[in-house]
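Labels for the chains are A, B, C and D, by order of writing; each one numbers its residues from 1.
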Amino acid sequence: MAEGGGFTTQAAGASDHEAVELGIGMLGYAFMGKAHSNAFLTIPHMMYPPAAIPKLVGIAGRNETSVKEAAKRFGYQNAYTDWRDMLANDAVQVFDNGGPNNVHAEPSIAAAEAGKHVFCEKPLGRTAEESLKMLEAVEKAGVKHMVAFNYRFVPAIVQARRLIETGALGRIFHYRAIYLQEWIIDPKFPMIWRLDKDQAGSGALGDLGAHVIDLARYLIGEPTRVMGMTKTFVPERPTGDGTGTAKVTVDDAFISLMEFENGAIGTIEASRFAQGRKNHQVLEINGEKGSIKFNLERMNELEVFWVDDKPNTTQGFHNVLISEPYHPYWEHWWPQGHMIGWEHTFVHEFDHFFRAIVNDEPVDPYGATFLDGYRNAVICDAILESASSGKAVDIKYAK
Amino acid sequence: MAEGGGFTTQAAGASDHEAVELGIGMLGYAFMGKAHSNAFLTIPHMMYPPAAIPKLVGIAGRNETSVKEAAKRFGYQNAYTDWRDMLANDAVQVFDNGGPNNVHAEPSIAAAEAGKHVFCEKPLGRTAEESLKMLEAVEKAGVKHMVAFNYRFVPAIVQARRLIETGALGRIFHYRAIYLQEWIIDPKFPMIWRLDKDQAGSGALGDLGAHVIDLARYLIGEPTRVMGMTKTFVPERPTGDGTGTAKVTVDDAFISLMEFENGAIGTIEASRFAQGRKNHQVLEINGEKGSIKFNLERMNELEVFWVDDKPNTTQGFHNVLISEPYHPYWEHWWPQGHMIGWEHTFVHEFDHFFRAIVNDEPVDPYGATFLDGYRNAVICDAILESASSGKAVDIKYAK
Amino acid sequence: MAEGGGFTTQAAGASDHEAVELGIGMLGYAFMGKAHSNAFLTIPHMMYPPAAIPKLVGIAGRNETSVKEAAKRFGYQNAYTDWRDMLANDAVQVFDNGGPNNVHAEPSIAAAEAGKHVFCEKPLGRTAEESLKMLEAVEKAGVKHMVAFNYRFVPAIVQARRLIETGALGRIFHYRAIYLQEWIIDPKFPMIWRLDKDQAGSGALGDLGAHVIDLARYLIGEPTRVMGMTKTFVPERPTGDGTGTAKVTVDDAFISLMEFENGAIGTIEASRFAQGRKNHQVLEINGEKGSIKFNLERMNELEVFWVDDKPNTTQGFHNVLISEPYHPYWEHWWPQGHMIGWEHTFVHEFDHFFRAIVNDEPVDPYGATFLDGYRNAVICDAILESASSGKAVDIKYAK
Amino acid sequence: MAEGGGFTTQAAGASDHEAVELGIGMLGYAFMGKAHSNAFLTIPHMMYPPAAIPKLVGIAGRNETSVKEAAKRFGYQNAYTDWRDMLANDAVQVFDNGGPNNVHAEPSIAAAEAGKHVFCEKPLGRTAEESLKMLEAVEKAGVKHMVAFNYRFVPAIVQARRLIETGALGRIFHYRAIYLQEWIIDPKFPMIWRLDKDQAGSGALGDLGAHVIDLARYLIGEPTRVMGMTKTFVPERPTGDGTGTAKVTVDDAFISLMEFENGAIGTIEASRFAQGRKNHQVLEINGEKGSIKFNLERMNELEVFWVDDKPNTTQGFHNVLISEPYHPYWEHWWPQGHMIGWEHTFVHEFDHFFRAIVNDEPVDPYGATFLDGYRNAVICDAILESASSGKAVDIKYAK
């Protein structure tokens, strides 16, 4: 038997009820298709006893070979090359939209109209306007809706939120967030959909920045005003087919300043041009009574400083290994110090969504709804506007 | 769609063959039962295309309620309260022994005699003598055998092994390993089977030390001589039922020195009395051309120093995020920087074992066989002997 | 004899010349007076053989008791309560202005007019306008001038500059700098001169921000445009004499965005409201071929990433201990790994200034001149203007 | 004025007494001669008001040119090529022995007999026997004596001692210390006195190990039993003059186990063959209520874990920046976060010794006396004996 097994990590005998099944229709089989599907297959035995057992009714995608392969791999009962056909299947109760940004709106709206609960990858729409339409659709349909800001479901982030909402940090002064990657620095890296405004909406902003903007709202509160700059370091790239070049129409990086309703100020930045930074999402929050720092690449750790720590001679940032039974979600996992991975954010997130559906509970404030997706888009648009006009932009929500 | 999705992390269309099924019989439903079962359920879609699909034929354990609950949870077809009944089921092709140390030998030997491939948790037996019998049984039966030294399957450890075996570090001078936990410091922590020599064989030594002794053999080579000291800080503990106290008959901690065949020297230590250390397995290796350091609590990182790094002005330990497509096992997981967890060591380990079975390939040298389990036990026994006699003990293997 | 002494850290027999003496007149005896004086007393034996031996002619300050005590402590020959008297002493060749910001201009200009070389603490003047007058005075007088941006003289920062100026990082994309302290968070912390615009010019901006703005210019190049926000979290504080309250008229924190001539973009922030951050100056630079990170609290370390590191399997940020004989200034100090402290930045800095004087060499580009001090002030003013107007401000230098 | 100067770091007006002068006679002008001399020149203004002002009477060494150069550099009044002549100078009140190990005994004993206070570099003698003679000489002479275990004077180490001696850690279970360097790995590195048993006594053991053995006694208590192994990886080296090779007669590395009187156990190791490790002295102490970790390469930091930290959700190792006014020695230095260096350990150490002399106070327990030096040598000898005999050796002191 392996080390540390003296611990009980899971209450025994906890499941004399039968979990309901929820029929899933999945759009997309690439990165997100894989991550979401893995979550569906993990929930039943790890979020035990589960609120709901996802039943993999169907998966949709444009390439028939690939979608069939994905269906076989993950155990989807049906493979579709048109998401409309999938939505027509009554067994689908939850529509999971993991497609590219330009197919977020239409299928999600159609799903809501068909009475399906809708889970959509982020950013919600390519613009605030598109996102608002999506929000209005799900609200009108009365279905449950969630947008995949999965970093809300990192145990360390949930722990941070709990500390902040119980007032442990006191008044908040600063938010500081960067999200850095490095994968398109080479000018020979080809043009892809993510670099095209029509398909992606924006670049590093919507892809990476949206996450830390969401965490700003989740952890600090609503912003009131932003300033921003954007940069496209490599404005033209070879097309994938080798026949020529195409214009990059999104930001390679952005930097921004933010004021919040509660008086805090923040800096938010994202880039795909940070050599050596693989998935470097780092947050710091400074409050009256303490500070918190988080680094996604060490996602099981949280750094915390308390000004009232006793004795004062040993004050300093605590390196907290978030893995105790009393830490968020950890009653489901392993003994302390036996780390979990990035993919488990999706396990927690879908479990949360399924519980909201089955128990008819609100998705927010711990999960992000389409309202959060819309407001996120308003902020992204404001940053782009400020970058273009050279002026501070006030944040105004229609909802 | 989430960040960084421009990467392909899995070759498409790779599976026109049909994976064979392998019938699993699992003994134990606690910590290891959960970790192994989760691996069985993850392999089919994440080690894709899998060499074999584990078919969960049965699970055995003494408590009928618990074993039935585990069967339901993970999807085992049958629940047994006697492992003998499970072994009698012809559909069981692989016996997975995740029981306490005192039930490692008998069921594993019986399984081998019944022609099942055998996977056994570590330490193999409670003593070298018991381990040798287990080794002889599987060899006689001609079945595949593996002992669960799962840390061989951490990608960073595999990477370290590759660097060492290709000579990148040159001659090895030092091995330095600690494995520290903290969970029994409170004298009121009750007596459990892990603290009883009859049931556990040894304490921190067999539980934690065995892992880093295995990694010593895996990364450095065979030891020739050891010295050791052991300590039981709390020699008597309350019994679990609250009726009295019982004598702790194993080590709470051990420290040891080691000489290796290749001239290297090493220190190896494990303790359950290291306040603040949750699962703190830390290794350092110093060679002629470089050094390597690993910390299990940051299992996706490897620190590496190269004496020939250019320019010399920027020499220093590299903090390597082991998560690139060219790192071990990472073609199966996520884009770089999207970390994996502790549980995935079992996914890799069972996938390795299943491939060995299906393709009739050797389990070693990358996986640990019962030979490794036996030799590990010889070393553990030698440390105990040195601690008792106050003399250095030479390592002598019967096999 | 202590460890590691096999190394020669200092060339023997190197000094058959006699170093000239340079008469110093020091204004200020508090924090900076102490740090500068210690440097004067250290240079002769540690920057050996020294270009010049500082002769401590006089020290000036308003409080007679304190200035006499300082003279005794550090060995100044004369104590003055009026800096004008000190400047009248012909033995003073170098005027070192370590007074509060509102006495930077007048005495420095007077010293220049008296033909003294002038060293002035930062920020140079309280505004760009005041700084420009100081610059014009020293240029007109033809004396050597330097502004105390001492972090240019951290060995790791010099090393970073060398890597960048030799092109090792390639094109620069990002600069990211924070300078965080925590010492005025308590609303009961009294009003001091640093919180008064008339005396200090600005708050965190001129005190902390000026340093990292200087390093931006030193490491990246000239900025062309900024955006900024400022915040005064505690707008009114008790006066030091306990009789009432006074209005805080400077920023407690600022955040800003910057565009550079070379196309890079940057974020720059400073705060005195970052709980747990003692002297947390952290820089990151991302270039085409690599990245660099520096943390003043670990000032002997530099983190460096190279995209061309071989083998690729061990790429990662190097943690470089800047302490080898071939690292900047280290031929003067100790064997590797025997760390130096913050105060030594002044040793290097004054040694640099003295060499410039004695050898009639330029202070720049490695030292900061009054031109650098002036341009720094232009940028600081632009950040304040942007914070006030809500608009991006272009950087325009009169010189 | 530089940042953070709102703090008072030094009590003003504290020195209406006149400090006495203490005449110093220094033996050795290499690494230690430089470090000690720098301390003498720093104490008067930084340990202000000083207990004593060191008067640099003379410096002795074999090479006339070098010793004269050193006298000029540091301001020694006299240069001697024979230490006996220096001891004959009545103005010498304190003899500072910074020579190679084989000239520790004779001059130190002679100095004691001449009534000088004696400060000696470590290890005290080359063996316990030699060290005992030195101890007996200073005791007989009734002079103050100190051995240069300067790491007792790192502020973080003093802080650790305070925490332990006030019981904050409770019962101590573990001590774990390594001291790793890398400077003789190259087999072409020539034979030097440090590699010759006659001159050095031992290798990594006496040079590096002695320091962490001293810290074991300082922080944990007396050891009762040791086991050890030693290794000479490169047994023969070229002579410095290039004419041939010489046999290395000391350990390149040692590893050892230790039991303490108070029931704790420890591992102690030192090596000059740890690639990438510059001056890597790392200690960890695990006690009932907390743990402490220290790394000399980050000497201003201390990591501390408290099991009773509240709330439990943020327990973790504190990274303590030892630089607050209430931390040891920090009332003499700079505002928090403005780091000090390795050389300052000597400033604190000599200040301590001078105060003991001037005020006729004991050097111990915070400073190491010749008794500590002797006991250290007994332990070193026992490790060598165990390495040779393969048996545990009990620690027995004659004093």
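In the analysis below, a contact is a pair of C-beta atoms (placed from the backbone, for glycine too) under 8 Å apart; a residue touches a chain by one contact, two chains touch by 3 or more.
Everything quoted here is computed from the prediction, not taken from an experiment.
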item: Of all other chains, the one whose Cα centre sits farthest from chain A; value: D
item: Of A-D and B-D, pair with higher C-beta contact tally; value: B-D
item: Between chain C and chain D, centroid-to-centroid distance (C-alpha), Å; value: 34
item: Chain B-chain D separation of Cα centroids, rounded to whole Å; value: 42
item: Inter-centroid spacing, chain D versus chain A (mean Cα positions, whole Å); value: 53
item: Contacts with 2+ other chains: residues of chain C; value: 277, 315-317, 321
item: List of chain A residues in touch with chain B within their complex; value: 1-10, 12-15, 28, 30-32, 34-35, 37-38, 41-42, 44-46, 48, 65-66, 69, 72-75, 98-101, 121-122, 148, 150, 179, 181, 183-184, 192, 194, 207-208, 211, 277-280, 296-300, 321, 323, 333-344
item: Touch list for chain D against partner chain A, complex; value: 159, 162-163, 168, 301-302, 304, 306, 309, 311-321, 324, 326-327
item: Partner chain B, residues of chain D touching it in the complex; value: 171, 173-174, 176, 178, 180, 185, 227-229, 231, 233, 253, 255-257, 259, 263, 265-267, 269, 271, 273-277, 286-291, 305, 307, 315-317, 386, 390-392
